[in-house]
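Presented sequentially are two complexes of chain A, the first with chain B as partner and the second with chain C.
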Partner chain A sequence: MSNFIVSPSPHISSPINTRKIMLDVLIALVPALIASIIFFGVRAFIVTIVCALSCVIFEYLARRLMKRNNTISDLSAVVTGVLLAFNLPVTIPLWIAVLGSFFAIVVVKQLFGGIGQNFANPAITGRIFLFVSFAVHMTTWVKPFYYTNKVDMVSSATPLVNMDGVSTLDLFLGNVGGCLGETSALALIIGGIYLVIKKVISPIIPLTYISTVFILTLVLGENPLNQIFAGGLMLGAIFMATDYSTSPSTNKGKFIFAIGCGLITVAIRLFGNYPEGVSFAILFMNVVCPLIDRATATKPFGLVKNKGGK
Partner chain B sequence: MGIYFFKKIQKGAHVPHMKNTEDMSFVRLDKFSEIKIPMRQHMGSVCKPLVKIGDYVKLGQKIGDSESNFSAPIHASCSGTVKKIDNIKTVSGEMIQTVIIENDEKYEISEEVKIPQINNKEDFIKAIRESGIVGLGGAGFPTHVKLDYKGNSKIEKLVVNCAECEPYITSDYRECIEDTDNILYGIECVKKYLGISKVYFGIESNKPKAIKLLKTLTKDDDNFNVITLKSLYPQGAEKTIIYATTGIVVESGKLPADCGVLVMNVSTLGFIGNYIKTGMPLVERKITVDGDAINKPNNLIVPIGAPINEILDYCECKNDLVKKVLMGGPMMGISVADITTPVIKNNNAILAFTEKMCKKEEVSSCIKCGKCISVCPMNLMPAGLEKAYDKKDFEKLNDLAINLCINCGCCSYICPANRPLAQKNQLAKTLLRNKNK
Partner chain C sequence: MKYMKEFTKGILKENPVLVMLLGTCPTLATTTLLSSSLGMGLATTFVLLCSNIVISLIKNFIPKEVRLPSYILVIAGFVTFVSFILQSYLPSLYESLGIFLSLIVVNCIILGRAEMFASKNNVIASALDGIGMGIGFTLALGLIGSIREILGCGTILGISIGNWFEPIIFFITPAGGFLVFGVLIAVVNTILKAKTNKKPKEEFGCANCPSKDVCAGKGECK
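Moving on to the complex of A and B:
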């Protein structure tokens, strides 16, 4: 009986860790992945795997080169990869997907110090980078089930460009053209509910973001249901705007952040040059996130300022 | 929008309860051949020994006292001969003068033990000081100092702390069940001599039996309120329990008494009740012994000064497997390096853990998940505090109100990256204190 461990309290810790959180996010993305395979065929799966794999490899190499400890086991690179893939059209050439992964992991995440340090969401920034560099590839949308009938393979518009004749039910289920992981609102909502139940994310950001878009488009005379089910809103609100590193930590901050995302999204969608505003909205709010964080710092319990010395 | 911003929502961590011993009545354990009584077992000045080597002392005899008021006298917890007066290392790591008594196991009661004569508040406070009682639930703050509040406010509310939010520990709960009369009598005395009108019991929802018992016993008196608290660690912390029971927010830099509230631990009150009736000073402690290295978890009554290792042996500790021994609960308890150290006044539990419970998970980068913020009962930002400490940014530390951190450990407990947040806060506080010196 000797050599007892002496350590400061607390002596127990909760079972959650970074890796389990990331694993939960991946699990939550599975319904959307299945939906994408149903609507866009096996290629959706291939694109996802390529992105995830290249993200992991880039993360490994970047950490090696920067002589930092290896972090691929926390699974965050896999999450980034899957999210990036979900933001790409299914027809994207694979080398472009790899390039996007490089940008997301190396430039946006690792150059800023890795997990928790990046100021912008890697997947979103990756998407925007590809969108600006390869506009044609990034806006070539195919119709769902194109792989079963080769006739009408390419259609040029997402429902956001032309809402006429698109049924709300199809939008909800995901039976429309668009990026491979963003079309099925249903699948994404299932994933979101899972994350909230598992306490991985707080429902504040998705609920506020989506309601802001809903109310605003309603007021502006659009079909609000179509607006919230279409495009990247669900994917963005549930999985990308809730990214820990790039969203505020307090509830108040999250609320303000999500309203901001909603406003910008609607502004771009209805008045901007691009049909879709989710990525830019989130990116912009990522950038102002530190300001929101500062403005919404918690008020310590019972603290009275300017008292008891300086 | 109501769901977003509750005003001052109570925060904390859902820690496992592990109240394995809740149905175990106290068992008295007094077969100790040697009793070691440190001359400081409380916050405040060290006591001077009043006995010499070779003296025969009896149970309840005062053997240590200090001239300072901010201290509490110390009594012999057995009868026997003083064998040695030596410096030993106590749990806190300090070397403290210690009276070592060879126990004759007769527990002969000293003539000094008399029922105190109390006619007014002064007598009461004096008697409380003489009893040697200190806050039994926490840091060992001398009770008479707390009761003898000299500020401007009038204390109107007494909060009886039965929260017992730490995992494993059930000694306060057993006290509620087994010693209810003394507790109520103790409360009566405090009420009477301090002129307090309202009493609030704060008790966590995972103790339904005690809640029912207290409710039944106090149902005829409107001045008693039994308040069921959410089982959320750390409900038992002073400021949180005041808020949860009375709704009063104790502002920083103020004492609860300045806000008209007094918080006392149930076991302290139970002791006071018994002391006023019998005059027996604080010579024994009710403790929970548990942990995964213990075969027979139990609730025990042991003399103060009993060596921990013998208590562990009694509870069939797996001696070859035990890796960590705690005094107190797993969230705030202190790990002991030398298990021959004695039980002191403010111990409420001894926990022994095997390797399995001591695994240190790897510390990784903060992922900015905000979980530490969402559990901090004081509404601080532990992640920010950690960064400020790492940068030695004193201004920022003060800005983020480091001094309000109660070291409850919720932030470290919850952090998915296993960052030592609470530990860093302690270091930061020490750093600031040294700097301001």
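Moving on to the complex of A and C:
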């Protein structure tokens, strides 16, 4: 008799749960992980493992300390860790990566109540925390395949700083300097298509975000293809801007959210001090998200707007 | 002995920064370094002490309608005095505090104590209240300042804590200030909660209300 669960309606049970969704996201991240290992060597894998593991440990400890039931089995901490690692350069000292995991999981996620209640995407905020704190470590890029030539570990600027002589094909495949998971647009798009087919994410945000950047840079006289394949745009648009708890729930809201992300990204890239603006754009729109949700709330069927006041 | 409470309440129980959340603006702006936090805290303490004494002395001569301008005038006089002293004897501190030194005039802690306490109590109580609140403010600023300086610059009072430590620049940005501030408020809340839980539960009424000085127990909030 103790097997009965008393709960309010709706009583439809769904086979989809957080764990399955997060597992799909992890599967979708595998191509990008493989690409990063090919381009940046085994250390890319080590950084990813360290981030994922430290995120899980911090999540466990935080929940334990706050006397809340543990949520590490829903895999969301693993996803945060992998996404954070994808936002770091491959040469990052490992203790900095662990510090980023701490900030992402404990400060951004658990202090605000855990999964579903974080005000911003933990991985993005963790990256910005590290970027503001350790600017030198966070912007030391190495050229792809640097590990095959140990003598000459050339550091290169991200293509966003200097677009001359960078071929669009290299940008598309990921054969350029950058954070370890963001360089290969091809691998990220494969993951994105998988997520859309599995209905884990709606294609509205990535498509609107990327096309906003494409159109704006075209109008402003940049090479739009290079702009959408370079930097963290693909990673951000497909995997970070689509986070459920920090993106609007209605389709109209998603459009506004993604267009806002695109506008800010282009503004920072072309007119700002920083070469890349994807993470700041997403963080800013995360914070605005509750307002968008309120402005685009769907009207209940049959509701008549009260015009007379009172 | 009965005045002891007026002195101690400002340090933790009614700490102006961490419990009453007054004076947040100078708190966040001047706490990037411990030295400037302490300078700000001590300058404010001095002004608070002097203005509390003077306002308590002249409280019966000020017409009720113009009391706020009168308080501001007294406070501004002392702030001018402090800023002249700092400018001539501690020019580096004067530079680092910048506009926030003159803004002590409109610091809500000082005006708040004048309105809520000094204008209703005698000189000794007002002076002790001023010192207590000032020390509470200085301690809170010093705590935030030392955390931010150690983590954000890797130094304490300008002395390096060692080359092994890599400064986390985030902590000297405004966002880092808010983070440290918020965490300290949470810590103080926890301490105060643990304290009150030990005592038998008191009914929350007019006597325990943090704003009881404002309405003078008239019970207007009900």
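Quick notes on this structure:
Note that the second predicted complex is superposed on the first by the 289 of 310 C-alpha atoms of A that agree within 3 Å, B and C clash if a C-alpha of one lies under 4 Å from a C-alpha of the other, contacts with A are read in each partner's own complex, and residues count from 1 in each chain.
The criterion applied here is as follows: a residue touches a chain if its C-beta (ideal position, glycine included) is under 8 Å from a C-beta of that chain, and two chains touch if they have at least 3 such contacts.
Here the structure is a predicted model, which is why all the values come from computation and not from measurement.
In the superposition on chain A, A:K20 contacts chain B only, with no contact to chain C. Of the two partner chains placed by superposition, A:N273 touches none, neither chain B nor chain C. More chain A residues lie in contact with B than with the other chain of the pair chain B and chain C.
Touch criterion met: A:S133 reaches chain C, while chain B stays clear of it. In the superposed pair of complexes, A:V107 makes contact with chain C only, with no contact to chain B.
Residue ranges of chain A in contact with chain C, taken from their complex: 99, 107, 129, 132-135. Note for the complex: chain C touches chain A at residues 166-171, 173, 175, 179. Chain A meets chain B in the complex at residues 1, 4-14, 16-18, 20-21, 71, 74, 76, 113-117, 204, 244-245, 248-252, 255, 297-304, 307-308, 310.
In the complex of the two chains, the chain B residues touching chain A come out as 4-5, 8, 13, 15-16, 167, 239, 243, 249-253, 309, 319-320, 322-326, 330-339, 353, 357-358, 360-361, 364-370, 373, 376-381, 383-384, 398, 400-401, 404, 407, 409, 412-418, 420, 422-423, 426.
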